[in-house]
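What follows is a set of structures for review.
Two complexes, one shared chain (chain A), two partners (chain B, chain C).
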Partner chain A sequence: MAIITISRGSYSKGREVAEKVGSRLGYAVVSRDVLLGASEQFHIPEVKLVRAIHDAPSILDRFSHGRYCYLAYIQSALAERAVNDNLVYHGLAGHLLLKGVPHVLKVRIIADLEARVAAEMKREGLSQGQARELLLRDDAERRKWTQNLYGVDPWDASLYDLVIHINQLTVDDAVDFIVQAASRECFQSTPESQQKMEDLALACRVKAALVKDDCVDVAVTSQFGNVMVYTKQGDRRSHRLEDRVKPLVKRIPGINHLEVRTGQPFPPEAC
Partner chain B sequence: MPVIIVSADDFQQGREIAHRVAGVLGYRFLGRDLLARVAQEKQVSQQDLARALDEPPGLLSRRSRRQRLLSEIEAACLEQLLEDNVVAYGLAAHLYVRGVSHVLKVRIINEPEQRANILAQTGNIPLERARKLAQRQTGGERRWSQDAYQLDQTDPSLYDMVLSLGTLEQDKAVEIICDMVGYRKFQPMTYSRKCLRDKALAAQVRLALMERFPDIRVEANDGTVVAYIQSLKKDQRKKQEQVRQMAGELPGVRHVEVHVIRDYFGQAAQSSR
Partner chain C sequence: MPQLTADMILVMVMIGIAVFLFIVEWLRVDVVAILMMVTLPLLHLVTPAEAFSGLSSNAVVSIIAVIIIGAGLDRTGVVNRLVGPILRVAGSSQSRIVIFISLTVAGISSFMQNIGAAALFLPAVQRISKNLKIPISKLLMPIGFSAILGGTVTLVGSSPLILLNDLMAPFKLKPFGLFDVTPVGLALVASGIACFVFFGRFILPGGKGEEHSPAAEERQEENQVMDELGRPWELTTPQDFTHYREPVTVDELRRRYLVNVVALVEPPDFKILGPAPDQEIRSGVDMVVYGQEKDVRRMAQEEGIALKEGLEVFKGELAEHASGTVEAVVAPRSSLVGKTLNQVDLAERFQVTPLAVYRQGITYRAELGQLPLRVGDAILLHGTWKRLELLHGEGSLLFTTPLDAEQLRPEKALFAGIWLAVALIMVIVFKIQLSVCLMTGALGMIITRVLTIDEAYQAVDWRTVFLLGGLIPLGIATEKTGTAAWIAHTVLNAIGTVEPIVLLAVIGLLATVFTLVISNVGATVLLVPLVVNMALAAHTDPRMAALVVGLATSNSFILPTHQVNALYMGPGRYRSVDFMKAGSVVSIVFLVVMTAMLYLFY
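Moving on, here comes the complex of A and B:
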């Protein structure tokens, strides 16, 4: 009983690995479904969510907060899925979207650029130069995305529990290692780790609701249903936030207590 | 049977894991003990050899001497790796043994916070200082490998697998590495052994010539050696002949080819005199 996030570049065979791991363990495999779920739940066109999770934020995005809002919806949709456990998520930033949950096995699959170029040429019918250029641009975009939104480099191995290089090792070898690692005791969900997952899902739900209500630039944490909403703004604006936060206690099930903390830095575990 | 190369962000932890892997598989452990032998044979200080492997380049460090020491280690290490059933650690072999299919390369890392905790405990320093130290060490590691081998040794694509000790215990890491060795793709084949032999020969030739030609680059293929040197146009013939003669005397070298890369800076300096 674990959650496995697989981070991958395009044409790195990460999808294949994820699907095989899912079928071997009997876990649900999600990637695009999360976006579809968020699109239905929050009534946002899927294409906007795809852009939010793929393209790096532009300077304008930094002012409009659009991307941060979409990301809150995506995170909430993923957390809803992860609460049910037994999940393989492959795609961008799974390890960052589910941070702080102990039974998440974070894997990164990498492959040599030449092998990726060959795969893209075969699939898209491109020339070598075009395929290489597209892949390099895609990699740079993903790197910029993670750096801008989370301040970390997705290529940094210390973000993952396992990094597997598909070259000498095949897809099946990678599946073996992931299944083996997922069976470790530390990745089995316990009542405590499940509680953390539920708290994360609740915090994400609250944040998505606030963001939908135009309350951007907030961070949310939850502990046993006690929800804290953090804002860096001072007291004057906090009354407005409190007015919007109060109705959420009735709207969102699972909240025991809800509190607004103003003028404080966001805690690192907040979503 | 395969060769295993372990690299780690924490020297002691990596050494322990490499040792245990060697013990479980019954392989020979090749570690820093090799430096004592190189020091004795080549009449250099063992401390200098260790420093060349550990310390990032300083502003005033002598690059050519450092490169020479690293070449001594490289040549000695590659010679040892020609025998199978070896676990190598602490000799930077992951940076110069590339493209050899029966060499399994694994990196062991810690989560940044965990690494800071280890440094705080071992160095008896406050956690905040340990965090900064960990960051500095990672930067130093990067600078060192980029300066010495033009590669970033923290880049996961240099390895077959990277294992984080943040969640996996040492036992599990040892188990995974031992499992990997059994995979068919890591078994030595005639071609992969030849690749390793070529690398060893190229390292020997480079070492023999680098005092006279510090910028020399050498490739080898089944006894045929291709050397790339820098030279002014007027010295070209003389230098090519020297390389041919010096390399040709080394055991295992059948044919020497010398390519000259024009030294434009030297040429400009000469013409302005």
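Moving on, here comes the complex of A and C:
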């Protein structure tokens, strides 16, 4: 009756924890599945999606909206899964993609750097120096990506309900903690929180459809099916956007009312 | 046979200039009338006293008084109460409203002066047009014409017919009875109304040709906005509405269903108008929301709230005279620019409810509170007129719809009614001159504070006053110089001896032309002796010839010179061309029907 997002670095045992939590609670476990789902849904080769979430946006990306679009797809795909509740998502930024939904338990799993280096050396057959360098670069890239897109540092513990350091605590300990936390009342889905989840999914659906239609630099919110599309464009272009947005009311089920807003700052909860 | 003099030619030139200016509209019609008022004494065609005698004439003073009485009735909501039953009977179809009101007006005007009947209905018609969003130009002309035609139904309906028996007395002809003209009159009224019902679309302005004008588009847009906003609905929450759930607030209903709660009951029976967003909605209470039908029905279904047929509990509070919807535009340099409606908090400060924001062709209904306002944004607000007036006074919003209904004084309705009755009794029972009776009523209303003297002055339409006042000296000049007599003699001599029906038709035509320029009384006084002599010479019934004059002097539709047409020209936003178009059709039908009826019946 909850959604659990597990943010993890590479070689931090996060995947293992997630799968164990999933099997203990009988929840679906999703990670790269989401990306694959998105890929089927939007006909985007998986490689590009992986790149989108991994490398920090470079200067070039300011001119092409590639990564921005792919993120919209990923968020939409994740939200689509999360609507069904009882989900464990592990990977980067799950907690950021599902913001504003009350019954999401946000967990971060970190591991001791030395242990991660050892694990990487073993799996990839690298030298200690190489493995350490690769891990640090990977960490830095993920950090940069999150900062770039959401303006927050993934290492900021205040973003999570639970940060578990796998070192003294084992994977099973972590699973125990997470399962216990997930059973707390505040993480149980209620009609109100489920409504918020559905609104988020709807907003993501609208945004993905808009992005696919080359409408970038938009933010979408939904409240009880009343969808608001925010744009920073001027009035004249917003009229054009309006023309593109209106047909969505018929195409996407669940939209009660749809409006385009200009000259208004994007609300923080918008996707 | 009078001789053609220079003065006669001059008068005909002046008439020609007046008609020409009416047609080309280089000057507005009332300015043309003032031009006549000034030029005629300069040319020594009338004395200076005669030139301005029009302003003090019975007709003009009556019009001034009756407009004031009408304003008083409107201000006190009496008109509203009259309009209600009319609309219930007539429905909302334009044709049926036209038929119904036209028949009523014709009925009234058959016993009293046309102008009185027409003026009394003016506020009612204006209100119907506003309420039902029918262009007023579609309603006023048919009703005005019916008021004129109604004057032909009885022998006391219009001044020419009242005079007729007196004018025939010297010839020792048998006088007409009160209802002798009724069959002809009824046929004329019926044919006049039929003209508008069948051809109204083509002959009335504001029809097909005008649909693409900016004004029409604006109207359409306005209607569209109102469609999007929906209408008020009254609902009752069930007894278990608040059981086992979080409190439902006004704001929540608005966010969830896009409906605006504009009034609700706080138990036990405290009525709140323009509730604050955090106002809770209790169990078993009545409330009124503004919203689109689909949204309101969805809310009623999902929340289990019972939807009523119409307004019941809040019928009084939300009646037209107490509250309404206005469009307020954010003024340049207004303190509201850049602020959101949440920051401005109109609901808390003024107890008015913003229903929608209209910006550059887009209507915003959702999350209005977060929308930063810009110069030129139109906010649709619902509230009581009193509250809206307070907001108006603050000056940050420009109201595009005047708040006239705000000054309603329903508590004075009784006085308004009494003074109207006094005026009517004086007219009908004591046979005192119309202008004196009506002025008494108007004065009574002012003294009993139904309306202030300033409001009375503002209500008077000076266009009408000067249009009528200025044309009266033209009529005087035409008669005084003998022009009218000369024309009548010339025409009647020219036709010689003809079939009776042709003679009657020519007399009718002549009377029609005369009544357009000189007053109908003047035309009657001039023509009756002439045509009686003509008819005797041609062995036609002289009574019929006199009756033709009496009736055809009411056939004044082509120019806005008849009092009723002059009165309706301003409020109906008519141009001379509109009268020519519709008037010529009705005039021709009038002549044909009148001649045929007289020929068949007598």
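In the analysis below, the second predicted complex is superposed on the first by the 271 of 271 C-alpha atoms of A that agree within 3 Å, B and C clash if a C-alpha of one lies under 4 Å from a C-alpha of the other, contacts with A are read in each partner's own complex, and residues count from 1 in each chain.
Everything that follows uses one rule, which is that a contact is a pair of C-beta atoms (placed from the backbone, for glycine too) under 8 Å apart; a residue touches a chain by one contact, two chains touch by 3 or more.
This is a predicted model, so every value here is computed, not measured.
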What does the overlay on chain A give for chain B and chain C, a clash or a fit? fit
Which holds for A:260: it touches chain B only (first), chain C only (second), both, or neither? second
One more residue to check, A:165. First (chain B), second (chain C), both or neither? first
Check the residue A:173 against both partner chains and state whether it touches chain B (first), chain C (second), both, or neither. first
Touch count on chain A, higher of chain B and chain C: B
So, does A:130 touch the first partner chain B, the second partner chain C, both, or neither? neither
Per the contact definition in the header, classify A:194: touching chain B only (first), chain C only (second), both, or neither. neither
Once the structures are superposed on A, label A:224 by its partner contacts, choosing first (chain B), second (chain C), both or neither. second
Contact-wise, after the overlay, does A:242 reach chain B, chain C, both or neither (first, second, both, neither)? second
Between chain B and chain C, what opening angle does the Cα centre of chain A see in the overlaid model, nearest 10 degrees? 120
Between chain B and chain C, what minimal C-alpha to C-alpha distance in angstrom results from the superposition? 16
Listed in rising order, the residues of chain B that touch chain A in the complex are 101, 104, 107, 109-112, 154-157, 159-164, 166-168, 172, 176, 179-180, 183, 185-186
Quick check: in the complex, which residue numbers of chain C touch chain A? 246, 255-258, 295, 298, 360-362, 364-367, 370-372, 374
Can you name the residues of chain A that touch chain C in the complex? 192, 223-224, 226, 228, 235, 239, 242, 256-257, 259-261, 263-264, 267
So in the complex, which bits of chain A are touching chain B? 105, 108, 110, 112, 155-158, 160-165, 167-170, 173, 177, 180-181, 184, 186-187
